[in-house]
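Below you'll find the structure I mean.
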Amino acid sequence: MLREIFLLLLLGGLIFCAIATAVSKRLMKMIIVYMAYSLIMSVIWLLLESPDLGITEAAVGAGVTGVLFYLALRRIHQFDKDAADQDAQNNSGKDEQGE
Amino acid sequence: MKKTFWQKLSAWHKGEFDFTLKTTDHVDPPIIHEYTGKEHTIQALSRKERAFSGALYNVLCVLFCLILIGVLLGAVVSLPPHGNAENPAVNEVMDRYVEEGMQETGAVNTVAGMILDYRAFDTLGESFVLFTAVCAVTILMKNTKRTAPDGTPLPMVVAPGIVDYSKDNIVKTVSRFLIPFIFVFGVYVLLNGHLSPGGGFSGGAILGSALILFSMVYGEDRAAAIFSERLIKTVVLVSLSFYAIAKSYSFFTGANHLHSIISQGIPGRILSAGLILPLNVAVGFVVCCTMYSFYMYFRRGRIQ
Amino acid sequence: MLTSFEDLWIHVAENYIVIVSIILFGIGFTMLLFSRNLLKKVVGLNIMDTGVYLLLVSMGYIDGRHAPIIADGITDAANYINPIPSGLVLTGIVVSVSVTAIMLSLIVRLYEKYHSLNLDEIYELRNKEENA
Amino acid sequence: MLQSLFASDFIENFPLFAIILCLLCAVISFVLSGSGARRLTYVLVSVGMGLNCSVLLHNLITGERFTYMMGHFPAPWGNEIAAGLLEPAFALLFGVVILCSVAAGKSRILLDVRADKQNFYYILVDLAQVAMFALCYTNDIFTGYVFIEICTLASCGLLMIREGGKPLVAATRYMIFNLIGSGMFLIGITLLYGVTGHLLFPQLQETAAAAWSSGMYHGVMVVSIGLTVSGLAIKSGLFPFHFWMPDTYGTATPSSSGILSGVISKGYIFLLIKIIYRVYGLDLFMETGIQNILFLFGIAGMIIGSVSAIRARTITKMTAFSSAAQIGYIFMGIGMGTREAMIAVFFHICAHAITKPVLFLAGGALIDASDGKRDFNALRGAAHRNPQAGFAFLCGSLSMIGFPIFTGFISKLYFALSAFAFPHKSMLVLLALAVSTILNVIYFMYVSVILYSGKTDPARRVGFRQQRTFTVAVFVLVLVNVAIGLHSQPLTSLFEAGLDLFLG
């Protein structure tokens, strides 16, 4: 019985996390919620008597996939910053020419 | 003077007249989009039209998804009940895997015995899915140096709002303690794949995360000095070739009813289960190198 | 076959994991199809896949039995759950992570080129580049 | 003497050898240079063709299917591959097309792919080939899924390896559609596993028939069949989901377009036919009524694909939309489901697989001869500038239209003949065939006349010497096309015998 209640709670958390990723506006938040989703999933694998999957999901789903998402987001911010720098540089160049 | 249709046609054939010129005349001047750092100011040709097609797409999407979910929910209620021992999925296949798996494959962990011995062809394909992914990521991400529009390379700067872990003392100190433990745990999971939960994929992923943590905290240059591109390539080459050759030997002997020289050993010992242990190690190396090179390519576009 | 409403209700109560997995599949599928943000599409893809894996594993689960790791020399099949879905899902997880890595690298390169994560905007910029 | 050589049981190992060789070559190419990887791929594909050819001869002599255990454990427990007549025949066909496409597009690959990434192109070709072999030979539905994924990732790689923004956008779109297809396929086989508890084709067929006749699982099974079929249909580009095609085939390097449209989409269709026949069984499939949906979408695809091709303004887009129309023909035949229609389907797969790469490769060469411009105005007189490519394009167009002496004619003839034997809807099929053929004539002849019209500067002429491999490879495909078109009888009897073995 205790197992059933725990499982139901986890499944509820799973759906909550899935909906939260779908509606979240900020990408960083979405990625963190997705990592939480993967962790909940790995506990559910344990409850369903598949420890192999639990270990793999924790290492791959929550670990490596999360890191990849984070790095991709980081690269994207980097491009933004480059473009902003470039704009600033161009503007200052124009100003100098103007003077 | 108006030409007749046939005159037009013959002129068109000679290349002096073009029916399609009308369409090319009316091409609107190219619109240059301006990048303002935050928002893109796109002067849409027909914003109304785009909004309409977007709305239509959204409505169709939602309808399609709702119908699919409804159909699936309607279908699964007539699936066999969850957790019942009388289900069709509980059949002679499962019985043999569990009851005779230990004698036939030498693996105590039935899942490891199943994926690396009974259904090894799937798993061979799966390792090559990873290999394909490594190739594709290398093609896309290799040497994407940050360059200014005129082609001069830009240095790597950390964007604001993102922590650089190699300068963070807390992360550094904690990681110094953690990395050896993660590493040992990864090796344990890898080598005990046939005895306990785990195996090549999970062990390799854990080892890969240890490497990723190492290069995050101590800097990519230091990591690349130890785990160079050459080393990674050699390890992937040797592991995957070993995997393919070993498994094809086992397929060949099995299909031709020949005697295989690989013995199953005594189940439960660390050196047992025939090919499963070496295959787990090979898969573990491949997965570890894959995860590490994913990280390096995403982080800086090269391993070296 | 289901004959009455109570029957249906009992079935839903028994098969709640299956229902949840279909809902997850639906959420992921909707995100993959509906969301215009490419990163969200990839997360949706992962959620969709885990939904299918949950469905697959719940088919292998049998009440009151243990993980398929032979313990204490008991090899009677009536003690263990079905190992096949676990093996298949293991394969599936690795496929998911490969697909995710490729999609993310595509997204990074697209962003580098077009400075946008929105697929509609990328199409529009691409078309302009073509006409220019 | 020769007969006894090909009758020996050792030949049954050859599919395994072909698959393992491809895998090993892909791994070895990882550390080779671009030209080394290219030579290895040529050798490998030729060896693979020889192996498949031997398997085909072996099965022709013995006249039986064989199953091959992958490991020490027999059918319900271990993986298996199986080969009748159709499997090696299509593996051989795909090998020929891949070899010719890669060889013909060699110079374009050198231009389109960065020098340090050349070897990756050939790795991806090897992986696409191994996926095709495995999809042809597999006797296990989950192996099918794994190799579908390899195929998807490898074809995405073949697409985006070209530098620039457009291939990236096209690859993203292609991946999204393919991933939707994979997801639907996966949940379809999951539901089927829940009902049957098996994964290998023969056992699946038994248990699926038993589950269907027990009457308890009708809903689940119809949904599962529908999802599996629509997943594969999305991946091969059936009508409502053909929007990724022009982008994909239009922007990739010509070899990749040839491989993607000629081989990869056909691989999915072959797997689909195999699943329909060897997993569900034709009777069960017909009872679900899904074949009618395929039939209607196929006809819609034939018409709408051709109309889009007429409206297209570049040669690559036109060829790509014509692919959507040809896929429509194939699905119409699958939807008809009769024996005659299936023979026509096999012929059409064959015709399209050997014709479409010719069109893409010759189109690519014509674009190169017109300063890299794709629109029809720039292509005026391109056939005078590059006569070999122009002639190959003309032959390809004639085959697609269904001109006699080409394979396309035979497949359309068989479609028309099967329509007469098809009750109730024969008029619909004939009408669709007629309309689609007229539309085909309009756009292919328009292009061919443009290519041969106008005058051109003799100094811009590309001779035979500049493009020796291109000419040889493309004309091998054209010759195969004409040979099948002139002597279709042996192939017809091969397909008939193969279909009989398929049905068991």
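The chains carry the letters A, B, C and D, assigned in the order they are written, with residues numbered from 1 in each.
Methods note: a contact is a pair of C-beta atoms (placed from the backbone, for glycine too) under 8 Å apart; a residue touches a chain by one contact, two chains touch by 3 or more.
On a predicted model such as this, the values are computed, not experimentally measured, just so you know.
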> Whole-Å distance, subunit A centre to subunit C centre, using C-alpha means?
Replying inline: 16
> Where the centres are mean C-alpha positions, what is the separation of subunit C from subunit D, in Å?
Replying inline: 28
>> As a quick test, compute the distance in whole Å between the mean CA positions of subunit A and subunit D.
In response: 38
> Got the subunit A residues that touch at least 2 other chains?
Replying inline: 50-52, 56, 60, 64, 68, 72, 75, 80, 83
> Considering subunit B alone, which of its residues make contact with at least two other chains?
Replying inline: 35, 72, 76, 78-79, 87, 89-90, 93-94, 97, 109, 111, 119, 122, 126, 129, 132-133, 136, 140, 197, 201, 294, 298
> Counting only residues that touch at least 2 other chains, which ones in subunit D make the list?
Replying inline: 142, 146, 149, 153, 156-157, 160, 187, 191, 193-194, 216
> Draw the chains as dots and join the ones that touch; what shape do you get: line, ring, star, complete or other?
Replying inline: other
> For this entry, which pairs of chains touch?
Replying inline: A-B, A-C, B-C, B-D, C-D
> Where on subunit D is subunit C touching in the complex?
Replying inline: 142, 146, 149, 153, 156-157, 160, 165-166, 168-169, 171-172, 175-176, 179-180, 183, 186-187, 190-191, 193-194, 199, 215-216
>> If we count contacts the way the header does, which residues on subunit D are in touch with subunit B in the complex?
In response: 12-13, 16, 20, 23-24, 26-28, 30-31, 68-73, 76-79, 81, 116-117, 120, 123-124, 127, 130, 134, 140, 142-143, 146-147, 149-150, 153-154, 156-157, 160-161, 187, 191, 193-198, 207, 211, 216-220, 222-224, 313, 375-377, 380-381, 449, 453-455
>> Residue numbers of subunit C touching subunit D in their complex, please.
In response: 1, 25, 28-29, 32-33, 38, 41, 45, 48-49, 52, 55-56, 59, 84-85, 88, 91-92, 95, 98-99, 102-103, 106-107, 109-110, 113-114, 119, 122-123, 126, 129-130
> Which of the residues in subunit A end up touching subunit C in this complex?
Replying inline: 7-8, 11, 14-15, 18-19, 21-22, 27, 30-31, 34, 37-38, 41, 44-45, 48-53, 56-57, 60-61, 64-65, 68-69, 72-73, 75-76, 79-80, 83
> Contact residues on subunit B for subunit A in the complex?
Replying inline: 35-37, 109, 111-112, 146, 148-149, 154, 157, 159-162, 189, 197-199, 201-202, 205-206, 208-209, 212, 291, 294-295, 298-299
